[in-house]
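Presented below are the structures under discussion, each in the form of structure tokens.
Heads up, the next two complexes both have chain A, just with different partners, chain B and then chain C.
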Partner chain A sequence: MLSAFDANWSLMTPEIVLAVLAMIIFTIDFMTGIHGKKPFLGRLSIIALLVTAVLVIFVNPQGGTIGHIFILDPFSMIFKVILLVAVAIVIAISMYYVEKNEDIYQGEYYSIMLFATLGAMLMVSSADLITLFIGLEIVSISSYVLAGFKKHRKKSTEAAIKYVILGGAASAFILYGMSFLYGLTGTTSLYEIGAAIPGVYEQYPFMIMLSLLFMVVGFGFKISVAPFHMWAPDVYEGSPTSVTSFLTVVSKLAAFALVMRVLFIGFGGIIEEWAFIIAVIAALTMILGNLIALAQKNVKRLMAYSGIAQAGYLLVPIAAAFNINVSASTIAFYGVAYVLMVLGAFAVITFVTEESGNEDIASFSGLYKRSPYLALAMGVFLVSLAGLPATAGFIGKFYIFVGAVSGDMLWLAIIMIAMSIVSFYYYFGIIRQMFMREPKTSLDGQPAGTLKAPAGISTVVGVSLAGTIILGFFPGILINFFNSFNWMFMFF
Partner chain B sequence: MVPVTFFLALGAVLFCIGLYGVLTRRHLVVVLVCIELMLNSVNINLVAFSSIGPFANITGQVFSLFIFTVAAAEAAVGLAILIALYRNRESIDVIKQDIMRW
Partner chain C sequence: MIPNILSWLVFLPLAGALLILAIPKENKNVIRSLAAVTVLAAVLLSILVWISFDRTVSGMQFQQLIPWIDLGFVQINYEIGVDGLSVPMLALSSIVTALAVFASFNIQERVKEFYIFILILLTGLFGVFVALDLFLFFLFFELTLIPMFFIIGIWGGKQKTFASFKYLIYTGISGAILIMSFIAIYFIGMQASGWTHSTFSIPALAEIYANPAAPEVLTSGIRGALFLALFIAFAIKIPVFPFHTWQPIAYAEAPTAATMILSGVLLKMGGYGLIRIGIGVFPDQVARFATLIAILGVINIIYGAVLALVQNDLKRLVAFASISHMGIVLLGIASFTAAGIQGAIFQLVSHGFITALLFFMVGALAERTNTRNISELGGLSKSVPVLAGFTLAAVMAAIGLPGLSGFVSELLTLIGVFGAPADILPAAAVFGVLAGLGIILTAAYLLWAVKRTTFGPMQEKYSTLKDARPIEYIPMVGLLGLSLLIGVYPTILTDVINVTVTDILSRIGG
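Take a look at the complex of A and B:
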């Protein structure tokens, strides 16, 4: 048995550093009084996240494990770097948002977001049901708090209470599934469960299927796939816009990493039993997400349905997993593209909705006349989300398509293409507003003036724009890098 | 000795009662209580497996301690949000929380 002193605790350096920095930010916050603007805490948070990302890359690059509970393999390292950079971008967007909304307690906001990031890091590198659940709950509970952060706004508190109740029920589902898995295998370690599962499945097929389905329901809720998606539009619409971008990108990607780990390692031995279930869920998600998005008028709600559809695309490589390494690098590439295009779009959305004071799609009307740079950038992000060539989104979708075809799931690939075409309609709805409509006149008949984006927002937009276009033209840089890994290398 | 299946049945019944409560109750505090009920049914399962299951070992009890802790944190956040909601809406009736739909 491994004692606590034998473990190689240096593997957790990035997590420990981030936890300490989050605590320091929390402390500085209550030392400087609860009210007031605190942009320095936002900058400090971004620095903390980037320092942690550097530590993830340079401390223990060869990987390792602490008793098969906490593992550091290429999979967890790459997802940690993606998540940390994504949260840094989210905080850059948030710094603008909290300037505009004085009722948000800024210090608490930043520190809770950092704690959520810590949970996400724990999620992607845990290989044990207990740590995995703890990481998931750290992210979830922080997200409940963040969703209700504008506590005097009816929409925000309503979103938070819906999120708490449905999230709590989903956690109970996950745990109920896990309890049977533990009972039938006698261990909570995913590697040991993975080794035992083919034999146990022979013996108790129904119990294992029951536990698998309960876990799929719970995880499906966390990654918001149909038919467990109904919380997402309400929560995304009601939450503060910067928190919406956090939920769309960070919570979802971390939960995806978790789902891959559980399905590939824990249930890898009975892949033919669950691949079809996941494929059906993916198809349903793509169809429902894209079709319901057509009817949306609120831009945050539209992005929520678009996020549901994107979750469907991301499930395709998991369902068609003929090779774990190919699936993992496809998902990681689409994850990078997703972070860039969604966060870029959210930077523009946050700016435009805050300036115009309403969240209707019509608030984008005439954006090209008011701010050509933002309008063009938003156009590129939307084209990339729709999956047109010369953007990162196209390359990502192309790899998912190829993976689905070589995994013998041609029907799924066809649904994916058909639904991408449907998605053009609602993405181009926003583009039409930006380029082909005149700016709305204000109440006293004055045309709306030009918009000047603050430095933070234009930096985020610039970085995301550059990334989206560069990955669209030279995807080889990242793909060759990702393909050189043995993603879920096991340490024994 | 009582077989482990009896405890599993108790857990399943509690889980279903909790789920029924979450889906049908209109009072938000009762809904939160029902979520606790669902989580505690998991604890019964884990403790039963850990003492008289086919592979009895201590891990299940450790797992259930973690679940207690998380359930307490979740209840604390849930009740705090409930109070914020009550201040905004003067009601914690589930079906009246309908500003956002579709």
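Take a look at the complex of A and C:
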């Protein structure tokens, strides 16, 4: 039995530092009074996140484990860095958003977001059902709070309530599924479960599948895949836009990492039994997400359905996994592309919808005239989301696609390509508004004037734009790096 | 010789586009001149490629190969090179685009974006014509989609939104089928090579499919399915009946310069792809489906001609004429003879010049008269004699008047069709006669249209029209001159094509 003193706590340095910094920010917040503008806390949060990312890379680069509870392997390190950078971008977007919305208590907002990040880091590092669930709940509960942050707006409150109730139910499903697993294998360690599964499955196939399905339902909710996606559009629409960007990117990617760990490690021995189930869910998600997105007029709802569709694409490498390392690289690469293009798009969306006070797609009309830079960047992000060339999204989709064909899931690959064509229509619908419509005249008859993006938004857009294009031309920088790892089996 | 000349050629327009991006949009003339300089440089480079191309050597020249993306289980290379098929296409792309740039100097709105899109388009076109890696081919193929969507959607006519989205979706579907067949060709090629080769390289795949180490993988069903998928993907682009419905509206709505590029070069990607990859990798399947291809070709010729006959909109008329003329390419390919394939390639180039000229003339007339309706036009030869004269000349070239390029390609193709081996194309004579009938129809609708627009009594409202501006002479003289040049002296083109045609035929025969 591992004693608390023997454990190599230094493995958790980044988590501990982030927790301390989050608490410092929390403390500064209540010492300076709950109201008022506190941009310095935003900057401090970004610094805290980047410092944590640096710690992840440089402290314990060789990795290690704390018992069978916490694991620091290439998989968790890479996903932590991706998530930390993503949250830093989200906070940069949020700094603009909270300036515009004075009913948001800024200090609370930033510290809760940092706590959520902490949860996400735990999720990707957990090798045990208990830590995994704790991480998941930290993220979920923080997200419920964040969704309701605009407390004077009915839609925001509605979003939070919906999210809490449905999210709670999903967590219950996960726990119930875990309880079966514990009962059958007698352990909570994922790697031990993984070792025991093939034998146990022969004896109790039905119970194992039941446990798996319960967990798939719960996790499916967290990553918003069909048919468990119903909450996403309402929650995404109601939440503050900067929180929406957090939910679409950070919560989703962390949950994806978790799903991979549970399925590949915990249920890795019976991959043939569940691959088809995941494939069907992926297909359903791609089809529903893309088709329903066609009808959306609200840009946040549209991004919600687009996010659902993208989650479907990301499930493909899990369903068609012929090699766990390849699946992990694929998802990590698409994850980076996803962070860049979706957060870049959300920076533009947050800015444009706030400036026009309207979340309709038409608020983008004539953006090329009002802000050529933002219009161009948004155009590139949308083209990348649609999977067209010279962008990271194109390479990412191709990577998923060849992987699916190699994994003998040709039909899934075909659905993916067909649905990509459908997605052209709604992504290019926004492009049409931006480039092929004149700016809308406002209520007083004045044509909408030029938009000057604040430095924070411009920077986020610039970084995402550069990343999206550079990865489109030189994806090798990341792919070669990712391919050099043994992602999940370094220590067990 | 410039080292890596093809890469310079491909990325030159992109560099020009980036330069223009940095110029403030108010400086319209600076932007125009920069675009003009870029395309002229591209013309010079492509002609340099043409001149230094060695006509005695078969196979690829100016090759460049750089490992690009290594997915671990799939290797993608930046592999480019040219043969006698691509060299004329490069020249065609640069020349038509350059003349389209000159033809679009009268565009006043959003000049900066317009030229950026045109130049990105040119990079995509060059890329398609030099790519020897299927992934690279696909990348450039899809790259051409985006700028053309914008050009139709922003600078187009009344129904521009509808036209641009129809173009987007159809081309998107074409791309989707293409990438699926490419991946299939890749994986099946890997199996067929006995797991020794995994490659996207077109020449390497041609070799694997010709001499597979594991022939049992390449059943006739698989080969047929792969070829048909490729054929459909390219058929949407060419366009072949019944996949053509996006084309007339896209042509009609696009601004003149874009229509010139769209019809003159962009759609040639379809014909080019069919020859490069279709015949290149699946010569046996072309033979197998020759009758089908020939039937579709003849349908294209006659269907396009009949619809052109009843059009009242001049631009739509030329659009349908274009469908009709693309049938000749299909027929040439189906004939499976040296003359036929030569004719098909010749037609790709010749039609590129002629149709660009026709669309330019229609645009120039419509700009002055504010209508494209034949019923409202008439007597233009008296008010704008120069424009009317060039229109007539363009029509003559399209009809296939001897001495102009259309004649050479039609003649070669018909010789090919009548000489087609009976085991590959039964009843070749029937196809030949039907194609001849289509050519007669072409004369009928084009001459009839010219009669109704330029001849007849001069209408009062058109009496004050201004004739051709000096700048308009550049595209008119340039395109007509080129059609005349390769019409009178076809050897200049055929001696480049011949090496490759011989090469293709040796693979077909051997």
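Just so it is clear, the second predicted complex is superposed on the first by the 490 of 492 C-alpha atoms of A that agree within 3 Å, B and C clash if a C-alpha of one lies under 4 Å from a C-alpha of the other, contacts with A are read in each partner's own complex, and residues count from 1 in each chain.
One rule holds in what follows: contacts are C-beta pairs under 8 Å (C-beta built on N, C-alpha and C of every residue); 3 or more make two chains touch, one makes a residue touch a chain.
Remember, it's a predicted structure, so these values are computed and weren't measured experimentally.
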| item | value |
| --- | --- |
| First, second, both or neither for A:Leu129, with chain B first and chain C second | first |
| Which of chain B and chain C A:Tyr399 touches, first, second, both or neither | second |
| First (chain B), second (chain C), both or neither touched by A:Gly64 | neither |
| Partner chain(s) touched by A:Phe428 [first = chain B, second = chain C, both, neither] | second |
| Touching partner for A:Met436 - first (chain B), second (chain C), both, neither | second |
| Contact residues common to both interfaces of chain A (with chain B and with chain C) | none |
| Complex contacts: residues of chain A adjacent to chain B | 129-130, 133-134, 137, 141, 144-145, 148, 151-155, 157-162, 164-165, 168-169, 171-172, 175-176, 178-180, 182-188, 233-234, 237-238, 292, 295 |
| Of chain A, residues touching chain C in the complex | 323, 325-326, 329, 368, 372, 383, 388-390, 394-395, 398-399, 401-403, 405-406, 413-414, 417-418, 420-421, 424-425, 428, 432, 435-436, 475-476, 479-480, 483 |
| Residue numbers on chain B that touch chain A, as the complex places them | 4, 11, 15, 18-19, 22, 28, 31-32, 35, 38-39, 41-42, 45-46, 48-49, 53-57, 59-60, 62-63, 66-67, 70, 73-74, 77-78, 81-82, 84-85, 87-89, 97, 99-102 |
| Of chain C, residues touching chain A in the complex | 25, 68-74, 113, 135, 138-140, 142-143, 145-146, 149-150, 153-154, 160-161, 164-165, 168-169, 172-173, 176, 179-180, 183-184, 187 |
